[in-house]
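Below are structures written as structure tokens.
You will see chain A twice below: alongside chain B first, and alongside chain C after that.
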Partner chain A sequence: MLIFELFVQGLVQGSIYALIAVGLTLVYGLLRILHVAHAGLFTLGGYCGVLITNETGSLTLALLGAMMLVGIVGMGIYKLCYQPILSHPPFVALIASIGLFIAMEELYRLAFGPYGISFNQPPLQTSVNFLGMHLKLAEIITMLGAALLIGALALLSARTRIGVAWRATVTMPEIAESFGINIEQVRYINFFVGSALAAAAGVMVAVLNNLVEPTMGSVPSYKALAIIVLGGLGDVRGTLIAALALGVIEAYGTIYLGHLLDRDAIAFAFLIIVLMIRPQGLFGRAIS
Partner chain B sequence: MKTTFKTFGVALVAAFAVTTAAAAETIKIGFNAPLTGFAAADGKSARTGAELAVEQINSAGGVNGKMLELVVYDDQASPKESVPIANRLIEKDHVKIGISGSYSGATRAAAGVYQSAGVPYISAYAVHPDITRAGNYVFRTSFVGEVQGRAGAKLIGDTLGKKKVSVITLKNDFGKSLAAGFREAAGRFGIQVLNEYEYSIKDRQFGPIVSKVKADNPDAIYASGYFFTAGPLVSQLRAAGITAPIIGQEGYDSEKFIEIAGAASEGTIITTSLDRDSQAPETKDFIMSFEKKAGFKADMVAASGHTAVKVAAAALAKAGDRDPAAIRDAIAATTVTASTGTISFNKLGEVRKDVQVQVVKGGSWHRHSVISDAALLAPPEQ
Partner chain C sequence: MSIDFGAYEMTLLTTIGIGVTVALSLNLITGFCGQISLGHAAFYGTGAYCAALLTKSGVPFVLALLAGGALAAGVGIIVGLTSLRVRHDFLAITTMGVSFLFVGVVRQQEFLGGEMGVSSIPDHGFGKLGFMLFALAIALAVAVFSIYLKRTWMGYAFDSIADDEDTARTVGIDVGQYKLTAFALGTAIAGIAGGLYAHQVRFISPDSFGFIESITILSMVVIGGIGSVGGIIVAAVVLTMLPQWFQFIEDYKLLLYGGLLFAMMRFSPGGLAALTNKLLKRFAARART
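The block that comes next holds the complex of A and B.
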């Protein structure tokens, strides 16, 4: 029974990782940029979630508001930070991204204080009996929400014109452009969607922990990088599986390896092992 | 043109600064604390407590007719920062006493600098045992982790009478020394440790540990942490339907803990240094004045910063501000009643005082009991 409970806890954590990492891998797939500041958007999502809920009393409104706002900020980051340096080698954008992430953390500290903020009335805290397990409603909503959002994204990319344009741009940007696809538009949509997903993750973490702090993004910032490498850079399906797998491995690792290995070290031990066996990532295709 | 004016302005300001400094001779006390970074909340609280003590002392006429001046630098709770800061405070600012309002890593590194310069250094609330081992110029006004861990064992095994305990340990020097003290004294109070789990300071989601503790079905839970880890931890333990009492320590000691854990914080018991329901005038006055100055309620860290300055001032009043060796001896011989109780030091420079046990009742901290077992609470002598 404990084994099963740990599995479910791993899925909850994995859902959060998935929501964050998908945005990151989308940006990498399109622009070949490691977008570290993405974790700063995750934190911003958390702040929006708490502040809007405290103001209006509605978590739904907060979730939508956070996704919308953070999506727009994500597009702003592309416009102001990445677009002007796209012609430079990728490490230039990486450095800019790290700088931006640090600046965001300090900005949150200045704007919202060092203590972190909490909900006045923490939502979704009811305990639900699910197959003999006590789960917080928030944990169930996190899993369902992540599945729903990522499912919608899959549908969007498979069935709509925007989705087709996006996939075409990722595979062959020059040819896509010559077929009349507006590449700039695709990039903006890309940043909007990825950032909105990170914001949703931020709101859910805020609800799970009832705490949003300026440094909330520091662990996800590098763990999400490990996840997208594991998943095969730019590969959305691989990223999802890697995220869930890492969540579950961490859940077991915390209990059974906790004395040997830090929870945060597990991700990287896992990463090293996988890269030794499959340098292209778990699901990436080898470049011949 | 603009730059010339600017330079002139800077020179003018500097000149003024020099003259004012010369006009009113002050006694400088150095203070390092994390004002940015992950520990900024504690740093701010400690600094405000220390500033309050300086204001109180100065408005009562200062020390031997001279005003105290607190020279504050941000060490980000990092030894990389605290060492140059210690050098600067000693060499440039010529402080008579240094106070650490910071965590163990930063304090431990700075302690060596103060010791070799022969300037007294007081650690307000850092817990690592090696801090005072830097030498005879280093003192501590808070408990080492082991002492508090032993107090936790007495509280659970004796006061509460709970025998089967799950231990959740924060994996840093604070959590580990608490757990070591707890395990050491557990047998004495008939406590059986069912399991011990460790987590990192960055963890906020404890799902797997909560599930496992639930399977352990303990009589009580001894969990170390700071309010920002303990808040989520306690709320997640309660949400999983675990009703066993949760016992924490001074790291929980903040209004912020109650705010984060919400209703789940009710009944959480901690060992700490500040008694909210104290009738002692020093403590009562501190709690009131601090809230007025800071705009938020006093916590252990604030009281510790306040206490350290009071200890420093008492020593300066006795020994004057000329001879560092005399100041050191005066601190070693101090008996001061401050906001965290009556303070005296053993020969290693470790504090001797009672442990305050507080409980969350009706959404705020209140007195639960006091542990004053001198043998159990004896700090290390070497």
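The block that comes next holds the complex of A and C.
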């Protein structure tokens, strides 16, 4: 049963990757910015989740609070950091974003200490018997929660006016604008939604590990970049598949390749191989 | 005022020499040829490991240094091949991947010391003063080479590729070959700098060559002004000395790096060089009126 258990562990990890990477790919699709600081928002979400839960005792409230708060911070980052440098070549925003991310991590370390913080009473730790496997309730909630949130996002983009405006802006910004779509507004919503999803992932990781630490975003940050490149930059569906696939590949790879590469290197080895064969990503369309 | 030129100052100057060398080596790739690299520490590390293991098995220091540079260049050409396939953002992510891959692979290899790294690296035999002069001489040589390169045909070709690759190709510049040359030159110099570093501190571990180190090198180039040799030297010197001068800043060192990197891109994407030019022009304009 090890093979099956690894698969499920991979899916849990993949769900977290998916929640982080969707926000990143949304930002890339709209602005062509590699938003590294996105993972700083993921970490912030984790801190909000633990702090609010410890204060109020309600994890639900903490999840919603973290998503709201981090969503707003995400919009602030767009306004203060990216909007003024959109006209520069893309590496300018990329390097600014890396700088911002490093500064954010350091701020968390200085504010909350280097060893991280935990829940007073760790929630959702009950063990559940599922198809003969022992899973923590938190792991099941993570998978379901991620599916639910991303499903809601899909519905939002397919069925609502905001969703239509967003898709129109991604495909043809000038024409969308000439049809009266407020592009700035679309960008703010984009940052709000993407950041809120990252915050949800942060809260989930906090519950899974019962720990948030300043550097918890480092590895996901760069891995999420690998994922969105694999998914074909800006392509939400490709990103989801790549996220889940990477989670599963890592789960097996840690067991079978662990003596050659460490866990975090697997993602990048996979990435480099894929890019050399298909420079437009696994699911991206070739641009002629 | 007398300056007490003790062991501490010599170590500091050596560190500066190595910092300037490695920053200028990245500038050849990112500044001159326009190929962004977020994984430069991997080549610095390749040189460091190669040189360290060679001197440990009895090879003379200078020879080991050159071998480190050669191996780094070999790896650099392989990584450079990716720049023929992918560009801009994709290249940034790929080179970032190289940085993680390097640390991830080195960590798991017994003969490279794994997590524990390589310790008790032999003495270089130059003495503290001699080693300092050696490191500074290499930094100076790389700076002179950079300025010279800028004025050669190859420098112009690099410039055209950095500016607009497709146009460069239409006027008959062999883009691929020049990109690989830039990678080979830059990574070879980074490898030599790595060998110097390994013999200065005499202990290396995978963590010394991770992504943060890559970003530190990149921040010297970016803060100095991408492509500007003078600006980068100033930035490398200042960024190496700041934490040394203000010991209390050690805890805030990364915050400072991150903040500076961000602020520089946000307010002056051309770095110190562009900032100075702007100020000079403003003074000149004021002087005229």
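What we mean here is this: the second predicted complex is superposed on the first by the 288 of 288 C-alpha atoms of A that agree within 3 Å, B and C clash if a C-alpha of one lies under 4 Å from a C-alpha of the other, contacts with A are read in each partner's own complex, and residues count from 1 in each chain.
Convention: contacts are C-beta pairs under 8 Å (C-beta built on N, C-alpha and C of every residue); 3 or more make two chains touch, one makes a residue touch a chain.
Keep in mind the model is a prediction, meaning the values are calculated, not measured.
Participant: For A:S127, using the defined touch cut-off, is the partner it touches chain B, chain C, both, or neither? Pick first, second, both or neither.
Facilitator: first
Participant: May I ask you to decide whether A:D262 touches chain B, chain C, both, or neither, giving the answer as first, second, both or neither?
Facilitator: both
Participant: Between chain B and chain C, whom does A:P90 touch in the aligned arrangement: first, second, both, or neither?
Facilitator: A:P90: touches chain C, not chain B.
Participant: Kindly classify A:Y252 by the partners it touches after superposition: chain B alone (first), chain C alone (second), both, or neither?
Facilitator: first
Participant: Using the superposition on chain A described above, determine whether A:Y188 touches chain B (first), chain C (second), both, or neither.
Facilitator: In the superposition, A:Y188 contacts neither chain B nor chain C.
Participant: Is A:Q13 touching anything from chain B or chain C once the two structures are fitted on A? First, second, both or neither.
Facilitator: first
Participant: Please work out whether A:F112 is in contact with chain B alone, chain C alone, both, or neither, and reply first, second, both or neither.
Facilitator: Neither partner.
Participant: Go through chain A and flag every residue that touches chain B in one model and chain C in the other.
Facilitator: 106, 258-259, 262-264
Participant: Which residues, counting only chain A, touch chain C once they are in their complex?
Facilitator: 32, 34, 81, 84-85, 88, 90-96, 98-107, 110, 222, 225-226, 229, 233, 258-269, 271-272, 275-276, 279
Participant: For the complex, give me every residue of chain B touching chain A.
Facilitator: Going through chain B, the ones touching chain A are 36, 38, 40-41, 44, 171, 197-200, 202-205, 207-212, 214-215, 228, 231-232, 235-236, 239-241, 256, 259-262.
Participant: Going by the contact rule at the top, pick out the chain A residues touching chain B in the complex.
Facilitator: 1-2, 5-6, 9-10, 12-13, 106, 109, 114-116, 118, 122, 125, 127, 134, 136, 139, 205, 208-211, 213, 215-216, 218-219, 250-252, 254-255, 258-259, 262-264
Participant: In the complex formed with chain A, which residues of chain C make contact?
Facilitator: Going through chain C, the ones touching chain A are 36, 38, 82, 85-86, 88-90, 92-94, 96-98, 100-101, 103-105, 107-108, 211-212, 215, 218-219, 222, 251-252, 254-255, 257-266, 269.
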